[in-house]
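Two complexes, one shared chain (chain A), two partners (chain B, chain C).
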Partner chain A sequence: MISLLLIQMATTKVPEVRDITRIERIGAHSHIRGLGLDDALEPRQVSQGMVGQLASRRAAGVILEMIKDGHIAGRAVLIAGQPGTGKTAIAMGIAQSLGPDTPFTALAGSEIFSLEMSKTEALSQAFRKAIGVRIKEETEIIEGEVVEIQIDRPATGTGAKVGKLTLKTTEMETIYDLGNKMIDSLSKEKVQAGDVITIDKATGKITKLGRSFTRARDYDAMGAQTQFVQCPEGELQKRKEVVHTVSLHEIDVINSRTQGFLALFSGDTGEIKSEVREQINAKVCEWREEGKAEIIPGVLFIDEVHMLDMECFSFLNRALESDLSPVLIMATNRGITRIRGTNYQSPHGIPIDLLDRLLIIATSPYTEKETKQILKIRCEEEDVELSEEAHTVLTRIGMETSLRYAIQLISTAGLVCRKRKGTEVQVEDIKRVYSLFLDEARSSQYMKEYQDSFLFNETQTAAMDTS
Partner chain B sequence: MDEVSQRVLEYLTEVEEAAEDVLTTKQQIVDLDTKRNRNREALNALKHDVADSEKVKVCLGSMFIKFPKAKTREMIQKDQEQLDKEINDLRKGLKAKVNRLNEMQGKPELRGYSLSPLSTDEIRAINSLLKR
Partner chain C sequence: MAVQSWSDVLKSSKKTALIHDGKRKIHYLFTDGKEMAEEYDLKTDELIVRKWRHKSTLGVQGSWLLEVGESLAGPVASLESDMIKENSSNPVFMRKDTKTSFQWRIRNLSYPKDVFSVSLDHSERCIIIKTSNKKYYKKFNIPDLDRSQLPLDDSALSFTHANNTLIVSYKKPEEILTFEQELLKELKKLKGSAEGDVDCKTQ
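On to the complex of A and B.
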């Protein structure tokens, strides 16, 4: 993730052509815009897509402020609660309110199990993706509108060409003598009178920004790509500062490339040597000492953290103590359960020593009123209109089965409604999809009744192992 | 005038002054750059047109003075160095002034504003990242 902050380097942009209407896909948490807190960090009942969970949201808000101020780094937060109580929603809310400049990396606990990469490597990469480094690039440039280019070719055809380039801004105008090299690059860029160009002083690179507005009527026919810009203001020889934010992982990747540009495409696969990481750490720390870089500790969010095993937890313990460490947010829906890969029971499936380092935020089940609100927000998000009675019925279903199931029913009921050419989802539509799709409880009930007619039914006695 | 409006007025005056300060510095940089470019043109002209031993006519203020070429060049070069330094100083000062103005208006400080730039070598090293 790279954001150009101070000054966006204006380069010749090909205007974006998008003739296919893009349909935004709707994710389960696409309605979340933030944590829904006011300035005093007090949660509003319904705001920015968040409903209820006031205590947990306030807690998350406090943590958010600390992250923003850079007070906490190398700390960890655990969001714990039953399924469907908005854990991921809170994490999404934190991510949304952090803004584009703070790195936020999300991964699910099971994502780290891959044959191509060791678990610790996957975790290290995730950690380093969540740390941003802010650096500044400074260039001296000459920026102006071309008034005239005059190139004299020697009569013999060979030999050095000489020329003059007149540039102006709104305030001044000057003539530059051109050497051979400059003439070549000017003609390569097809620079002509009326263009607005920049010349990098250090490298001599010429960039065309567009054509000046005052020359807009020079030709009637011109390509759609011709961009018109204002004649630059101020001095001709400017200093341009651009601030970039890159992640530590990105710096790692370039430096571990031994085989050149090909590695650019292979991207993250493959492991990065720990020596490379150490070198990068040293370099970044050196930059920080010299005032050349700022380190922005971001947020690493690990969902379903109980899916991690013992090795990963001990890695986390260690990684949190590093001085270049992001804020770690984890979420789990497990109670006291076995730690994966061991026979020990532990709260949330997380070893006690790690649990001790965590700030724990608990989420509680939604009340009926809150469920109703959430369903309403989801309806708006999915563009489904719901009648008052249908809304009540859906809320009941949500309370009795699960919120997720009720949310699933929204779009399916919407489809059924559209099929009968209705505009508003009625109770009948809900009833129909309720009979079509089973919820978890009814499905298990069904299983119990018809167990014998299913395949492999001898395994019925073994409890499902989910850890 | 009551106390509140007095205070508001004072505050606004202060902000206006700070803004004026920024604008003046900017204009000053523009003026100095104009001068710098004119000097550069003069140096170019000296390079091409006349033999070294000759004297050239230099316009100083409102007067044309005949001056030995070598000496003229030396003079202009010294002037250029002085100008470069002055522009640099002004730019440095401008940053502090913009910061002060932002602070007065209650705007947050620009991100990475006070960073010192990476050297060209370092920028080149991570260029593939930046130009993406």
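On to the complex of A and C.
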């Protein structure tokens, strides 16, 4: 019995201290870091993860400049093109080049259809999320030099960690108790004794200002970029004015919450009354005139815009006329099709009156050389090594089937290659996954041949309504 | 906005009084949206608590900030324990007035008396407590004097140290004394709702 206990104790491993530095997963567009333009807005052939599409990228660059200027409100842009020609990539490129301070809200056309919220409410919320207000606010901060950090992890490995942090200024010293969240962010920032830090008391955000001058002579390995700063003076807790950007939607939510204890039960925001919105608009305009706040029009990106219906389009028409309106970027891959909610046909499934207000950017299919380049970039992004022949084969597959299918094959072929303990993906690996996974054309072919043996084949005559 | 005297501001505010738990509780709602709450002892008429609350620029409801009195650190504190809070071994600063003087008590200060030095800073209108061993430092103003725009007087300031507590006193000037008496008279005229539970409106 005792020995069993011992074994159990031995097997309860001390859980690994997980690295809290952000791990990003690789998404379909995570290789895009910008639009890949030079200072004269001329597109480079391959840059920042973008390949080809020179004309549309140049057009997007012009739009980008307009957004950065921030003077023009309520413009709308439509990116139209076949599937897999980089529409979303261009939008992502714009988002990346705008930087973190300009709000960029992305949603898909189908996201607004919810039973809890009307379509127009969802759209207005999206519009207001894309408008930023830069405003000064007073917050309480703690600023001091770290004397000591002490973090106790419980011996069992689970349960709350407890920590103490001693901070000092030239005049005083205080000990703080740390909560779990605080301990995590302190270890993430790699704060150690001798650092001068500020902590925002409300949000718990930690900023490292540098190392204290008194530690300049420590025989420590220090990077060249280590900055030395004076130990702060006076009190540890100070009130400071900080500038931060909030979206109009966030201000709406703050002011529409049920007050008091009822706020505890109303987790979701639900619909926001139009009176609240009007009040906020008036207040923001007042702040702007007083110089207290600055309005930053951002970007609202609606992907798959043909999924919107007639009511949404007429709402967009109206919303674009407001002076508190962001730049609207839409993307669609439809040609002339039925406008949802009507029986009329229209280009891109968008009514003519809205189309008339749009600047349209077209994307064209990639050439073979560009496809090869994109596949190369994706290989780097997904950490898969490809032999020259395999690369050529994959490019052929990409040209004959679709770019998306070829990209899907990269990681699967990589896995197959790793299973046979290879280091570089060969033509065999590509062949293997090509035979394992059907592309769209082969799948349709297969369906045509074998549809009789599938379940429910008697309903085959009912045409699928996709619009 | 013209400089309005503090008594006028008080008069224009919306006041609600309540007698409960042996205390006269008064809630002021000012025209700019700020709120102030005071609690007076019914027997001695001493001010026990005065606290403020106001909304931030964005409209977030702030929490009560104590000007006078002791905070009731209860189980609420553990709710926010995810963040950072001062260790209980740190000095605790609070204001507790007497009839004739403003008084601040800083508990948990176990250093000898000669470590402390208390002085007035006229340019910033505040009192500064310093320690020669660099363990404690505090800068604070006297809101009552600021509100009534009265000058600071060096001779009114004194401090003592006993039982690990530093007590800083500032003698109330004549103007404040008369103002407080008048205010108390006014407040007693306010009809406080009866003792006991008040009807609480439920939704």
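Throughout what follows, the second predicted complex is superposed on the first by the 326 of 467 C-alpha atoms of A that agree within 3 Å, B and C clash if a C-alpha of one lies under 4 Å from a C-alpha of the other, contacts with A are read in each partner's own complex, and residues count from 1 in each chain.
Basically, contacts are C-beta pairs under 8 Å (C-beta built on N, C-alpha and C of every residue); 3 or more make two chains touch, one makes a residue touch a chain.
It should be emphasised that the depicted structure is a prediction, and the values quoted were computed from it without experimental measurement.
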First (chain B), second (chain C), both or neither touched by A:Ile199: second
Touching partner for A:Glu241 - first (chain B), second (chain C), both, neither: first
A:Met172 touches, of chain B and chain C: first, second, both or neither? both
Partner chain in contact with A:Lys181 - chain B first, chain C second, else both or neither: second
Touching partner for A:Leu123 - first (chain B), second (chain C), both, neither: neither
Which of chain B and chain C A:Ile94 touches, first, second, both or neither: neither
Partner chain(s) touched by A:Met330 [first = chain B, second = chain C, both, neither]: neither
Chain B versus chain C as contact partner of A:Ala319, first or second or both or neither: neither
Partner chain in contact with A:Arg134 - chain B first, chain C second, else both or neither: first
Contact residues of chain A, present in both the chain B and the chain C interface: 135-138, 171-172, 174-175, 177, 234-235, 246, 250-251, 254, 287, 292
Parts of chain A lying in touch with chain B, wherever the complex brings them together: 2, 5-6, 101, 134-138, 171-172, 174-175, 177, 202, 234-237, 239, 241, 243-244, 246, 250-251, 254, 261, 264, 287, 290-294
Residue numbers on chain A that touch chain C, as the complex places them: 135-138, 142, 164-165, 168-182, 199, 201, 204, 234-235, 246, 250-251, 254-255, 259, 262, 287, 292
Chain A partner contacts - residues on chain B that touch it in the complex: 26, 29-30, 32-34, 36-38, 40-41, 44, 91, 110-118, 120, 122-123, 125-126, 128-130, 132
Touch list for chain C against partner chain A, complex: 56-61, 80-90, 130-131, 134-139, 203
